[in-house]
Amino acid sequence: MSRNFKSDNVTPVCDAIMASIQAANAGSAASYGGDDFTQRLQTVASEVFATEVAIFPVTTGTAANALALSHIVPPYGAVYCHDAAHIVTDECGAPEFFTGGAKLIGFPAADGKIAPERLASAIAFANDMGVHHVKPGALSLSQATEWGAVYELSEVSALAAVAKQHGLPVHMDGARFANALAHLDCTAAEATWKSGVDVLSLGATKNGALCAEAVVFFDPARARDFERRRKQSGHLWSKMRFVSAQLLAYFDRELWLDNARHANAMATVLAEGLQVLDGASLLQSVDANEVFVALPEACVAALERQGFGFYRWPLSDTPTGVSIRLVTSYATQRTQVDEFVAAARSSAHG
Amino acid sequence: MSRNFKSDNVTPVCDAIMASIQAANAGSAASYGGDDFTQRLQTVASEVFATEVAIFPVTTGTAANALALSHIVPPYGAVYCHDAAHIVTDECGAPEFFTGGAKLIGFPAADGKIAPERLASAIAFANDMGVHHVKPGALSLSQATEWGAVYELSEVSALAAVAKQHGLPVHMDGARFANALAHLDCTAAEATWKSGVDVLSLGATKNGALCAEAVVFFDPARARDFERRRKQSGHLWSKMRFVSAQLLAYFDRELWLDNARHANAMATVLAEGLQVLDGASLLQSVDANEVFVALPEACVAALERQGFGFYRWPLSDTPTGVSIRLVTSYATQRTQVDEFVAAARSSAHG
Amino acid sequence: MSRNFKSDNVTPVCDAIMASIQAANAGSAASYGGDDFTQRLQTVASEVFATEVAIFPVTTGTAANALALSHIVPPYGAVYCHDAAHIVTDECGAPEFFTGGAKLIGFPAADGKIAPERLASAIAFANDMGVHHVKPGALSLSQATEWGAVYELSEVSALAAVAKQHGLPVHMDGARFANALAHLDCTAAEATWKSGVDVLSLGATKNGALCAEAVVFFDPARARDFERRRKQSGHLWSKMRFVSAQLLAYFDRELWLDNARHANAMATVLAEGLQVLDGASLLQSVDANEVFVALPEACVAALERQGFGFYRWPLSDTPTGVSIRLVTSYATQRTQVDEFVAAARSSAHG
Amino acid sequence: MSRNFKSDNVTPVCDAIMASIQAANAGSAASYGGDDFTQRLQTVASEVFATEVAIFPVTTGTAANALALSHIVPPYGAVYCHDAAHIVTDECGAPEFFTGGAKLIGFPAADGKIAPERLASAIAFANDMGVHHVKPGALSLSQATEWGAVYELSEVSALAAVAKQHGLPVHMDGARFANALAHLDCTAAEATWKSGVDVLSLGATKNGALCAEAVVFFDPARARDFERRRKQSGHLWSKMRFVSAQLLAYFDRELWLDNARHANAMATVLAEGLQVLDGASLLQSVDANEVFVALPEACVAALERQGFGFYRWPLSDTPTGVSIRLVTSYATQRTQVDEFVAAARSSAHG
């Protein structure tokens, strides 16, 4: 663990969540979500988001995103998103497969945040093209973005306004939603439906769970028949209690926020430690738990040799050196960060 | 638990498997199956099946079946199966969705076992129809069958021979494969590839796991690109170690067979206790862990009133009374069975 | 032509329709349905059906059926139909492909007509099964049926009533709709929306066109976005005027009915001539333009030797001899029918 | 016609092709391609391409492209193409739908021609990403390109070489293949398989046919089961003879090339006439039958007022004025071109 900054998905399960799984393991329970844990989750999630939601636990982020999109976008629809969005580059075509043919239209943007004008002009183009082009279907935002930035509430609202003006629902890929929320320091409601989000892919796996994600509809009516999609795609668990139990623990006593705050703080420490090095430059704003930084090639190579885990991550605008991505998590310890920074410093000065 | 015979999926996780999950929860591990547990599973599974297999853990039986079929049947293909097969009636169209349009062609058969002549004549019909009809694509067998019977090895071989004569691969839905294997008292190799099975959906969840199924290819070359299908359908876990750890424990020291033997034995005791009652008749052979029995309506109603859990399960040939399904599991205790039989007896004689 | 009773799709194009195609071939015209012919077709079709319809020309019956069903049934839905329906046996999985996974649930019925109780009990079964089973999605009727019978209006209404009671739309596969209408001797409105039909696949190709079918929605609001589905499946013609021109000629001065009446009459003559032969028995009611008849094997073989075209068509209940299918068309001449009957008579008595 | 430069799909059917349709309309013929015309087409096409091909007539370009791609790219695959390719912007998601989820990855390029380095680096990216990203599936080239340029043979070969180096098949969208061939003045074999093309969408509709396109496989073994895909998507015509007859006429005595040469020549005249006008600038190379030209706004408006048909076609690099697209065809007359140029000249000088 100690040297692995590759991703927040290399982490173990945090204690409270593992305890909750074990507590759920008593006697028989109704299968397929008929159990008490899953029922309670509906209530708890509605409290967390301060409105009645329909929440559907699944076990991978790809499933959450693809299922959510397939429920709001027709096969002949377009999903507008960032061109480095997880749904574009990291899900092996899952959104296209689940929707039965929808097209992802990705916009470039240096910081991973879509510009409202881009969205507006893409919709206008589609409307001009008429039946020949895919129909505007949905807007999908990643919060936090793939490059570690967090949309301000006003940015989310502005994008959602363009979408809604054209009748498009808004999806949020919240694989790292807790990290974003911790950064924004607002309520979960403000970060989502109060800013115009209609459906959220809520991640917990990267933030301490074993396998827990959820699709959250802020208008339960919109979720009609969603459980069929989940079933048809093989994502309805028989022993559902064990996913729901993870999410209950996740929300309990703000575990999700505590974990995320810690991860974010570690990223900040890491960024601050690295950016002052000779030849280093921070490439993205560090709002959540990811650090994109350019370091001299010799420094990167030295860190690799010393066994630190991270990815070389080519960004288009790297000024000099080699750009790498470092991810912190709930499990990252301050000493690990310090160790990394120290190693980088000695390499940089070597 | 004590009164719940609804399904083997209402059971908790058995101790050895939960212990294995916890043991896997130490430090960071490579994600998406790059971990040691998943690597080891390849070796262990190859030992279990006495040949080099390619094994892909997933977490639901529907996913296992639909993914397996989508890999061996084209969108314009036919899957031949029993008309009460799980893939036909219980997966909400998952095979059709995953394959992109294949058609399931179900054969009726009183005991859940497909007759080779049925298969042969359906293939002949398709060949006569040519391009207008779906192309013969695969044979899918459920072992144990949906009605609790187990195909003899010679029956599997005979069906596989018809399939192979026409170039069709053979899929086995082994949601209750361990129960079948325990009944057959043969090797896992004999029950599968030595009898002509090409790909197995191997279930563990009903037999003690938290969420562990696997797709097993007996010719690894046939599995080419299968990992893409798993990913595209959202079934590639990031923290894969926790599924693989379940399967490792499942195979370890024959846990899977011990669990299955116990479940089967409890079903036998249950069947023997019930069939001697006045007005009772056993409707299906009790080879595995399911009992289909007809009881007088008053008796069934009394059992329901007393809080026993089971399904009324209409079969076409119920002679008199009401047919019900009772499922035992690794967790069923002898006292529970005795209690059920006693309650049935007193109702029947009431 | 003269000896070919294989199908009504082996016929040439009738004169009026070919003339209409040529008349449309003057100068440039807006593409993709922006032309005058296609615009006029909307008006004409609305007159024919005595209500405002939305009509979408396509060029194959499989496209019409699959597109229509994909617009009214979700991927996780069930289509209830006869088990020998064209959509089940003759479209190579097109409905499954276009819908993205829906399941066709076929009912057996000796005369090709679905029984309302069958439909009701299948819906009840699905509702019992809940999320595990495909959701009741639509009823699809073939009119005329695959076996040459025609549903009476009261039969259509009774089936539609069951469907509607459960919220299901009703699709009619009218590949031979004109033949049915000619038999029923009612209005097109009575045969469709007044009897509960929501969307019609209207065939013209078998009844004199070159390549003209259409999807007709009786509630235009239900057709929303249908043009996208047609485009996405490659069924939007650039030179649409040439399909629309066929349909305009088809409706003009009752050409469609005249053609169908002739075809039906020829089938009646054929049936009457054959059924009196020694060893012959009519297997189905001859309401439209198909004759299913059992003849002695020697007679069938002799007809084949003499070069008559027809299919051997095994039906489950053939009493004795060999069952064959004979199809008449707008182009069938009385002398051809007489010749066939005479040949059969001499063979039968040979 | 005379003033319509909107597209080559607004044209009528040319005489020789209409005559061929009528000649095919004699008596009965085997349906679904069992007719003599379709059989002969196999031979003729093999002669045209100087190798044994498998040719499958369909009736829209979208169908040809989507079917071809679905046969060579898996659901989890990537199709590399230009970002303004017809398959990307004008087919309403057909390739995604037919493939069951494949992703189109479009490259920008000023002249519509993909650069080999772009292709190579996209494949390298995909290989780096592994299972998370769609798998490199195929290269698709438009010949002529959407912007009226024609790839030189060496350009096709260079791109195909990159594709083949990574095992990818090469698809050519030849909606205007005849125009390209006329420009290249080489053999059909040189323009396709001798340059590395594996499957061609061959267009005829824009070049004089009523509704005739074809998918041509240069290795018939690769076409295995393709007829099932065509059927399943509703693109197998019952009266196939009428499509095949169009294609036979198209190839006969070089009709296709004569038509294309004329269209290309008219485009050249048009371009030469316009580019000398004050304020005019040619935006793309005029290799085939499309002219992209920038004209002063006043001039464009005047042409529109006078009833000339064409599209305003925003290109990213229009220097000044308004960019428009003009398409010529086999049916364009020299007087029409002269009339257009004269009108533009007087407007420009107005």
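The first chain written gets the first letter, and so on, giving A, B, C and D; residue counts start at 1 in each chain.
The rule we apply is simple: a residue touches a chain if its C-beta (ideal position, glycine included) is under 8 Å from a C-beta of that chain, and two chains touch if they have at least 3 such contacts.
Please read all numbers here as calculations on a predicted model, not as lab measurements.
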item	value
Selected pair, out of A-B, B-D or B-C, that shares over half of its residue contact pairs with A-C	B-D
Furthest chain, CA centroid comparison against chain B	D
More contacts between chains, C-D or A-D	C-D
Chain A-chain D separation of Cα centroids, rounded to whole Å	41
Centre distance in Å when chain C and chain D are each reduced to the mean of their C-alpha atoms	35
Set of chain D residues in contact with two or more other chains	32, 75-76, 91-94, 97-98, 100-101, 131-132, 134-135, 228, 231-232, 236
Touching residues (chain side chain B, partner chain D) in the complex	32, 74-76, 100-101, 131-132, 134-135, 225, 227-229, 231-232, 236
Contacting residues of chain A [partner chain D, same complex]	75-77, 89-94, 96-98, 100-104, 129, 131-135
Chain C to chain D touching residues, read off their complex	1, 4, 6-7, 9-13, 18, 21-22, 25-32, 58-64, 66-67, 91-94, 97-98, 205-206, 210-211, 228, 231-239, 242, 309, 331
